[in-house]
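Below, subunit A partners subunit B and then partners subunit C, in two separate complexes.
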Partner chain A sequence: MSEVLNITSLSVEFNINGEYYHAVNDVSFHINAGETLGLVGESGCGKSVTSLALVRLLAKSAKISGKALYNGRNLLDLSLEEMHQIRGKQIGMIFQEPMTSLNPVYKIGSQISETLRLHNKISNDEAKRQSLEMLRKVGIARPEEIMEEYPHQLSGGMRQRVMIAIAMINNPQLLIADEPTTALDVTIQAQILDLMRNLSRDFKTSLLLITHDLGVVAEMCDRVAVMYAGQIVEQGLVDDIFFNTNHPYTQGLLNAIPKIDVQNKDRLQPIVGNVPSLTRMPKGCRFATRCPHAMDRCKMESPPLMEIRENHQSRCWLNDAKVV
Partner chain B sequence: MVSYIIRRIFGALIVLLGVSIITFLLAYAVPADPARAIVGPHAPEYLVLQIRKQLGLDEPLPIQYIHYLGNILRGNLGTSYVLNQSVTSLIGQRIGATGLLAGLAFVFELIIGIPIGILTALRDRKLTDHVLSTGALIGISLPVFFVGLELMYWVGFRLGWLPIGGTGGILFAILPALTYAITGAAYYARLLKSSMIDVLNQDYIRTAKAKGASPLRVVMRHALRNALIPALTYAGTDVAALLGGVVVIEDIFGYSGVGQLAFQAIGNLDVPLIMGTVLFATVFVVIFNLIVDILYGIVDPRISYS
Partner chain C sequence: MIQESLPLEASLVETIKDERPKFIHRFWKSGMTKLGVFLLLFLVLFSYVGPLIYRHSAINSHLLATDASPSAQFPLGTDSVGHNVLAQLMVGGQSSLEVGFAAAIVAMIFGTLYGMISGMAGGWVDTVMMRFVDILLSIPSIFILLFLNAVFQPNIFLMIFVLASTAWLGVSRLVRAEALTIKNQLYVEAAHAIGTRTLRIMVRYLFPNIIGTVLVASTFQVADAILYMAGLSFLGLGLPPPTPNWGGMLSDGMNYMFQNSWWLIYPPGLCILIAQVSINLIGDGLRNAIETRER
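Showing the complex of A and B:
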């Protein structure tokens, strides 16, 4: 299988009061053609920063290093002009905030056709016709009227459908969806996820799905990368992540999901403590202070990402102990 | 939309009524006698009394006001005590000159203010921003008469590019308009800078970038129209300030417009002319505010008039 995206040792540093701190630290992953990779983690773990870094949408003050190969070309080395041609054409993006992601002063139709016209030499009428067709594909009822309406006249779910139409209309090879359903209510969430799954299958688009919701992951993803405090702590096939869970943080996330089928009247088990702040990262394993299995070694040395079975890696000293 | 405009016009009539009462009272609150002002300090008392009777100044104030109002409704703004011409024709003669000056001043303000606002927002806290923002601060702080005299001296006298003063055609309006614009543009620049910085951090700007739009397109198409909305609000109040400024500027440049007329009328205690120019200014401000409110709905589709 060919790789659409290959991220190697991506690091992002932000300047806080004159000093640089890592928000993303040595992150590597790849996405194959037609595959869906879930990037999972709690708020502030660096998953959004990772996605914005690879399309170069972070503020100029952010220091980015590493490689982000898109079809063999390093996105981090491209000129701004080349980047404009890739964004919106080859890489589409959907964001978390459907309520504010559309420009309030332009009609829906013109906002969709803009993406087309920025990248293709086509007539006004043709752009309009294709936009209308795309609105139909994302399941908008009465698309002719919606074309002439403004964002504030649409509900959150409809706006997210419009965002999907904007992101998908140029038939991109890669779609980056950053928490696309977080701001929507549950029934709409399911519809939007269905839509994204069907579209990415029909268009043969690879999907980088950023989420904190393991339910979404289970439903959508082929492979999963779990991030904690700027690092990937566990990566593998979706089944391995759910059924052969290795890293204590992933286990913690799974324990924190409410289950309705188990006759268990116990309380949910939260992960105790908080994510360490950027400016005060522990020297050893970053999860050690919250980990129920933490050993002395964890507080001293940072564990590397270890291969524990084929296509399954975990950043935990417990695996090393088993080997020894 | 139509019903909105009708409601606004009705509201404007009430504003005009209020303004006319206040101006009328203020004109009479001055401890001076218009009749005495007309005949001069050495004229005999019987002449003053005669003039007072002739002008109806011997009647109680409310009656005078009602007479005045009745005349206005018949389209008659009265006759200037001093110039002995009808107020309507006095204003009518000068309305074109003042309109030209005010319009030009407004256009200059936008031409200077908007690019500086955009530029300082894009170069926020960089050298360009510091230089232009300091310039804008100086612009706000400079008094109109100072800017006017400097322009007269340098552009009019030393360079000889434009007439120093007087009236006639657009060339004569450029320096007075620029005088107002240099002090006024700074407000637009500062307002636009802050709203531009705010807009550039919005999610829809990130969407525009994600579509592959160039930085120029992101700023000019996606950000500017949103950022102009607060500046448009300011334009409504600016026009009132503009008319006030025009009074002083016309006097500085010897530009015979409505402002100069008002200035002279106040000096002469020429009550009908004071009333006429103030009401003219009020009508102007009311109309312009209505235009701004309608433009609002065109720029920002979220605003509805129902």
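Showing the complex of A and C:
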């Protein structure tokens, strides 16, 4: 399978009080055509920054290094004009907040057609016809009427469907969805995920799904990259991540999921502590302060991402001990 | 096919009905707003239709009837050189209203452009542009206006630009503040994400979301401009004679206070007051109607 996106040692640094700090540190992953990659981690671990960095939507003050190859072209080297042509045409984006992602002063129809007409030389009528069809595809009933309505007249779920329609209308090869269901209630979440899965299958779109919800990952993804404090700590096929969990952080995330079928009424096991702040990253393993298995070595040396089986990497010294 | 596999949001298919009354209804429901509109309408009719009905020259001097108190021939009396006060009041309203509205519109256009560019550009461009505004704002505007009017012999067009030269400052600050808020809204980020260019974002995303605020501010600018023009004329630096205007009439009348010529003071004063009150009431109504807009 061909790679749609290949990111190599992507780093993002932000300027805080005159000094640069890594928000994303040496992140590498790839997405194959038609594949769904889940980027998982708790708040502030650099998931969104990674996605914004690769479409170059971060503030100019952010320092980005590394490579982000999209179909062989490095997105980080392209001119602004070339980026304009890629965004929305080849890479679609869906954001977390459907309530505020639409321009409040234009009708839905006009906002969907706008995306079409920005990238294609087509007539108004043709844009309208395609928009209507897209609205139907994202499962909106009465699309003719919705076309004529304003964002505030729609519910959150419908707005997110509209956002998906906007992101998908140019048939992009890659769709970046940044916590697309976080702001929605559970029943709508399931519908939206279903919709995204069906659309990406039918349009053969690769999906980069950013989420903190492992349930979503289990349902949607082929592969998973777990991020912690700006680094990828574990990466692998979804089955390996769930059933052959290697990194203590991933294990911690899995333990922190509420389960309805536990026999003993154990309390939920949270991961104690917080993500270290950007300005005070420990010099050893970044998870060491919160890790139940932390050894002396962890506090001193930062572990590299180690291949523990085919297509499964983990950043933990415990694996080194096993090998030796 | 996808359509079949998708559960439609059956319960949500009924969209939220737009039960919010239309803008014009929200604007019109307040009694004070109605009062403002009627007062302004009265002034407009008085100034433009009035002279067509009350056909007396505002410029001719009735030298045999100077300083006449109100009578059947001169409903509001005459001034010291025999000008018909009522006729002057009507014609004077024209220049006040024209200059007031035109100055506000010029200020609105320039201030909006300036503020949008400053807010959108950010960084040092923003800093330089806004410090320039700060510098101009730190000088009392009446001083700038007096200076400009003393240097140029003002005609009606010059007057518009002179008044606009200070009025745009406030607008530009307001617009910049709004632009800063809106450019960080998620829908603007989403616009970037679909490949929208900066100019288009300004036209399609910033401007329509700012225009409400600008419109309200500009309404108050109309009132300010009328007041400033009256003030300048009162100080003798307004439009040159023989064109009558309210501030100038007030100024002339002041000289004859000692002889109790109340008809020279109250009518122009009242006209200025009505203009201020009516426009401010309309501005309040507009603001209330726009601000209740669902976001």
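Operating definition for what follows: the second predicted complex is superposed on the first by the 324 of 324 C-alpha atoms of A that agree within 3 Å, B and C clash if a C-alpha of one lies under 4 Å from a C-alpha of the other, contacts with A are read in each partner's own complex, and residues count from 1 in each chain.
We take it that contacts are C-beta pairs under 8 Å (C-beta built on N, C-alpha and C of every residue); 3 or more make two chains touch, one makes a residue touch a chain.
All values derive from a computational prediction rather than experimental measurement.
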item	value
Superposed partners subunit B and subunit C on subunit A - clash or fit	clash
Contacts of A:82 with subunit B and subunit C, given as first, second, both or neither	neither
Contacts of A:191 with subunit B and subunit C, given as first, second, both or neither	second
When both partners are placed on the shared chain, which of subunit B and subunit C touches more of subunit A	C
Which of subunit B and subunit C A:93 touches, first, second, both or neither	both
Which of subunit B and subunit C A:320 touches, first, second, both or neither	neither
First, second, both or neither for A:154, with subunit B first and subunit C second	second
Touching partner for A:144 - first (subunit B), second (subunit C), both, neither	neither
First (subunit B), second (subunit C), both or neither touched by A:239	neither
Contact residues common to both interfaces of subunit A (with subunit B and with subunit C)	55, 57, 84-89, 92-93, 95, 97, 100-105, 114-115, 118-119, 150, 152, 163, 166-167
List of subunit B residues in touch with subunit A within their complex	202-204, 206-215, 222, 225-226, 299-302
Interfacial residue positions of subunit A with respect to subunit C in the complex	55, 57, 83-89, 92-93, 95, 97, 100-106, 114-115, 118-119, 136-137, 139-142, 145-146, 149-150, 152-155, 157-158, 163, 166-167, 188, 191, 194-195, 198-199, 202
In the complex, subunit A residues that touch subunit B	55, 57, 80, 84-89, 92-93, 95, 97, 100-105, 114-115, 118-119, 150, 152, 163, 166-167
Complex interface listing, subunit C residues touching subunit A	2-3, 5-9, 12-13, 15-18, 185-187, 189-197, 204-205, 208-209, 294-295
